[in-house]
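Some notes on the structure that comes next.
For reference, chains read A, B and C in written order, and residue numbers begin at 1 within each chain.
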Amino acid sequence: MQALSQRLTFRQITIAVSAIACISLLGACGKSDKKTAAAVPADATEVKIGHVAPLTGPIAHLGKDNENGARLAIEEINKTGLMIEGKKIFLTLVPEDDAEDPKTATQVAQKLVDSKVVGVVGHLNSGTSIPASKIYSDAGITQISPSATNPEYTKQGFKTTYRLVATDAQQGPALANYVTQKLQAKSVAIIDDATQYGKGLADEFEKTVKAAGLKIVAREASNNKATDFKAILTKIKGSKPDVIMYGGMDATGGPLAKQAKELGITAKIVGGDGMCTEKLAELAGDAVVNVTCSEAGMALSKMANGNDFQKRYKERFNTEVQIYSPFTYDAVYVLVDAMKRAKSTAADKILLVMPDTQMNGLTGNVAFDKQGDLQHGVISLYEYKDKKKSVLDIVKM
Amino acid sequence: MLNFISQRRMFLWLAMLSLLILPWCVGSVGGNYWVRVLDFALLYVILALGLNVVVGFAGLLDLGFIAFYALGAYTFALLASPHLTQSFAAIAVLFPEGLHSLIWLACLIGAVLAATFGVILGVPTLKLRGDYLAIVTLGFGEIIRIFLNNLDRPMNLTNGPKGIRAIDSIELFGISFAKSLDLGFIQVPALYLIFYLFLVLACIATVICMRLQNSRIGRAWVAIREDEIAAQAMGINTRNLKLLAFAIGASFAGVAGVLFASFQGFVSPESFTLWESIVVLAMVVLGGIGHIPGVILGAVLLAIFPEVLRGVVQPLQNALFGHVLVDAEIMRQLIYGLALILIMLYRPKGIWQKRGASTS
Amino acid sequence: METFLQQLVNGLVLGSIYALIALGYTMVYGVLGIINFAHGEVLMIGALVSLTLIQGLMGFAPFLPGWLVLVLVLPITMATCAALSYTIERVAYRPLRNAPRLAPLISAIGMSVLLQTIAMMVWSRDPLMYPQLLPALPIQLFNSAVTITGKELVIIAVAFLVMCALLLLVERTRLGRAMRATAEQTKIAALMGVNPNRVISITFMLGGALAGLAGVMIATNYGNANFYMGFIPGLKAFTAAVLGGIGNIRGAMLGGLLLGLIESLGAGYIGDLTGGVLGSNYQDIFAFIVLIVVLVLRPSGLLGERVSDRA
């Protein structure tokens, strides 16, 4: 009897192991199928450029927007034709999804490195760009983030980290200067959502505001899923600040602004690019007129070819530009510009010439400092008129 | 027909051989990416075995298990990175280059720390019934996560939401597990080395579990699980044994956490959410509560599951419908939810059930 | 002093919401003895369903005043939630009534995950705007010491009314007697002519309807709704129910209000009390700490348990 049960168990195990093997092989095969629509022409060499953003999750619409920008650039370049050292080059986009999760980000980074991309446009969030950057640095592949604003991203000592937006170290002070100079505030209350982005931005804001001699009446924190801010706001109301600064996303910033109004708080509310979306008007309701927010890059309407880009984008993808697609668009052009200057499509040669980039792109002049940040970062300030964003000011850093 | 002893031995040799060459097979077909997935799968195996001790053996539903994983991870993160040096001047004086710890020592410390917290969780919950226990452990998990996320004020202990970076990679017996190992006739890439290391530890964990199961302690746990009052009447010290279950389960998670921190080189509170606790619970439940091989199978299947989904489901939907109807992420959650319910309804002992077990 | 009064009022509003949800938990636990993990998700589905209905109704008849839209949508929402709750009980809990203890719990967790996922698929993951149907203009009370809005007053009133109605139901009607009997001694109640399955189903439906009402109230109060909005309030409401004494209706109300006050006052004053070490960012764990303290020191809650005897 024991022999029989032993054999049955053995069979079960074999089935289980083969099942695992099949599934993993299937998954591996799935990985290798082509994700792009276009086919490589016979006489051209294929060169792969990676792109990573959250394509699933609450900001999937922003991730898709980023991917679209990169895709538009690649398609345009392929149409005009790209020649490097006499060879015809065909660019292919390898899009990946990091679901806004640091662990997934490192895994897809590894995937991209394995597929031998020559450069990566991404990731969207600071919280994913930073862990992934180690993998790209180890592989010597250029990484240009179109939207990560946390200063730490370029402070890790990697040669591969670049970005096309200003950092929170610039966004925070820009907001702070607006508060001290334009609003002439004497006291501020600062709230953050205890995320890497929100807290980072709030810290930068606090530094500048303190240096300017303003009184910080409160420094509170919440979390990125909070719905009720009444307790915190009541506490702040007692100290009567002129301005409330919130470091966080629109999903929490909107209710915060709304509840502040309901409590009868008249202080102005300022926030960063996480809050600066069209959706904020919906979430904050009437309270949105009280809000001023910033974006870490040039406003689309103020870009020289901004309207033209918007038209082409809408024609190709049948949807509006969200925020950062102009920046992924430019990132691809920066990589191609590097290829032209390096006279090569090899990842290491591209990396070598990146520091000398001098390009006039859609988003403005692109040149990098030693760390990989933009030399001429720009912060755009917005207010809300008639429940729509309208540009208040452009601050050149 | 071979008699079953040599059949079993043959099977064991076969299993060992296939495990040894597994990274090479997977690596050549799927690349480093899939070897990485396997490495994580092994970590989950250790986690699932630990939770199995608490839920499967002792019958205590723990919904905050991932907190012990977090504690282990942060222990190593603090002991083997420049973080403490950067945050505390006193430590900067003693360790100007940042802290570096031996990984096996950190594993020990992580295990002890996690076990201590396991006992801390256990003490107030000894008299609680299953459902209350579940909620309290859930609360405990959340409390730990929120503390980890916010302990950067007033002193910067955990660096809050930014997490701790630049954590040392694994180094044992002078071999660094971050680079390939040159054995002369063969080059073993770092990820494969890590696979073997994790495999050894998973085997140790399995052996410990099997020993526990067949010991007096294991049988006492079964008694407590089935009928606590009767167990007490039989003279079993239910209090100590429950605490022991918590401690042992937690220590497994603590060790896994140390390894995780070293492998990823980076920890942040986002990796230790309630959802992760539910995933590990699902691994134990699906595999077969209390059944060790089932739990291992459940862990491996569920660990590679999201990658399979991502690699198969989305392209499939693209091919069939032109665009993705249901995200891989949502599909994963859907299947988890359905699986938990269906398994409880139709196969409560898990996919791979124990043969001839008399326990209900 | 002003701040203190305002925090009290904030706590009262928050507490009323918790009380509404806790009532549903406590009834179900009273008759069945399990934690209905999916209760919070019923709340969420209620809010989202009402949102769709409201959007439809307002598109169809935009001239209707806000409060009327709400009054029309509410019964349908509550009925939907009752049906949902009934289905959950039949599918996930009833077959497991005689299974080992862990099984219905795990099934409940699975149900919670499933409902969240379905909400993600139908209503997407973005936070959705909930129309302002009740007055939201700040009203000053007590010489401008306290600012409250019309909708918050409505919530407090509704919670109080519901509790009174429920008490009437449980203590003065036949159904209520049947519920109490099933809660205390299921088998003997069956011998006395009570159909326990029917009573349990009705209890679930009632709890579901209350959850739906709570969901609409929460969405109205905060102006948005998303798939995640039910989980945390569900947990906190369970804490409130335990705090007051699970199975005890007055206990659920008391527990809810107390918890709301603890959270509000805690978030407001913890920073000052601990000298800045802990702050309002620890607000969410107050509920859990309260739960642990209550379960350790007074496991039957403040007003005493009313549950069936389970070994």
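Just so we're on the same page, a contact is a pair of C-beta atoms (placed from the backbone, for glycine too) under 8 Å apart; a residue touches a chain by one contact, two chains touch by 3 or more.
Everything numeric here is computed off the predicted structure, so don't read it as measured data.
A count of C-beta contacts for the chain pairs A-C and A-B puts A-B on top.
Taking each chain's centre as the mean of its C-alpha atoms, the one that lies farthest from the centre of subunit A is C. If you average the Cα atoms of subunit A and of subunit B, the two centres end up 31 Å apart. Our note on geometry: subunit A versus subunit C, Cα centroid distance of 38 Å, whole angstroms.
Shared interface positions of subunit B, defined as residues touching 2 or more other chains, are 146, 149-150, 153, 330.
Counting only residues that touch two or more partner chains, subunit A has 57, 60, 194, 221, 223. Within subunit C, contacts with two or more other chains are made by residues 279, 281, 284. Those residues of subunit B that touch subunit C in the shared complex are 55, 59, 61, 63, 124-125, 127-132, 134-136, 138-140, 142-143, 146-147, 149-150, 153-154, 229, 278, 281, 285, 289, 326, 330, 333-334, 336-341, 344-345, 348, 360. Residues 57-58, 60-61, 194, 220-223, 225-228, 230-232, 234-235, 237-238, 251, 254-255, 258-259, 261-264, 279, 282-283, 285 of subunit A touch subunit C in their complex. Those residues of subunit C that touch subunit A in the shared complex are 2-3, 6-7, 10-11, 13-14, 125-127, 129, 132, 136, 138, 140, 147, 149, 218, 222-224, 226, 228-229, 232, 263-269, 271, 279-281, 283-284. Across the interface of their complex, subunit B is touched by residues 34-35, 91-92, 95-96, 99-107, 109-118, 120-121, 235, 238-239, 242, 276-277, 279, 281-282, 284-285, 287-289, 291-292, 295-296, 299, 310-311 of subunit C. Contact residues of subunit B toward subunit A in the complex are 1, 3-4, 7-8, 11, 18, 26, 29-34, 36-37, 146, 149-150, 153, 160-163, 165, 264-266, 268, 270-271, 293, 297, 300-301, 304, 307-308, 310-312, 315, 327-330, 352, 355-356.
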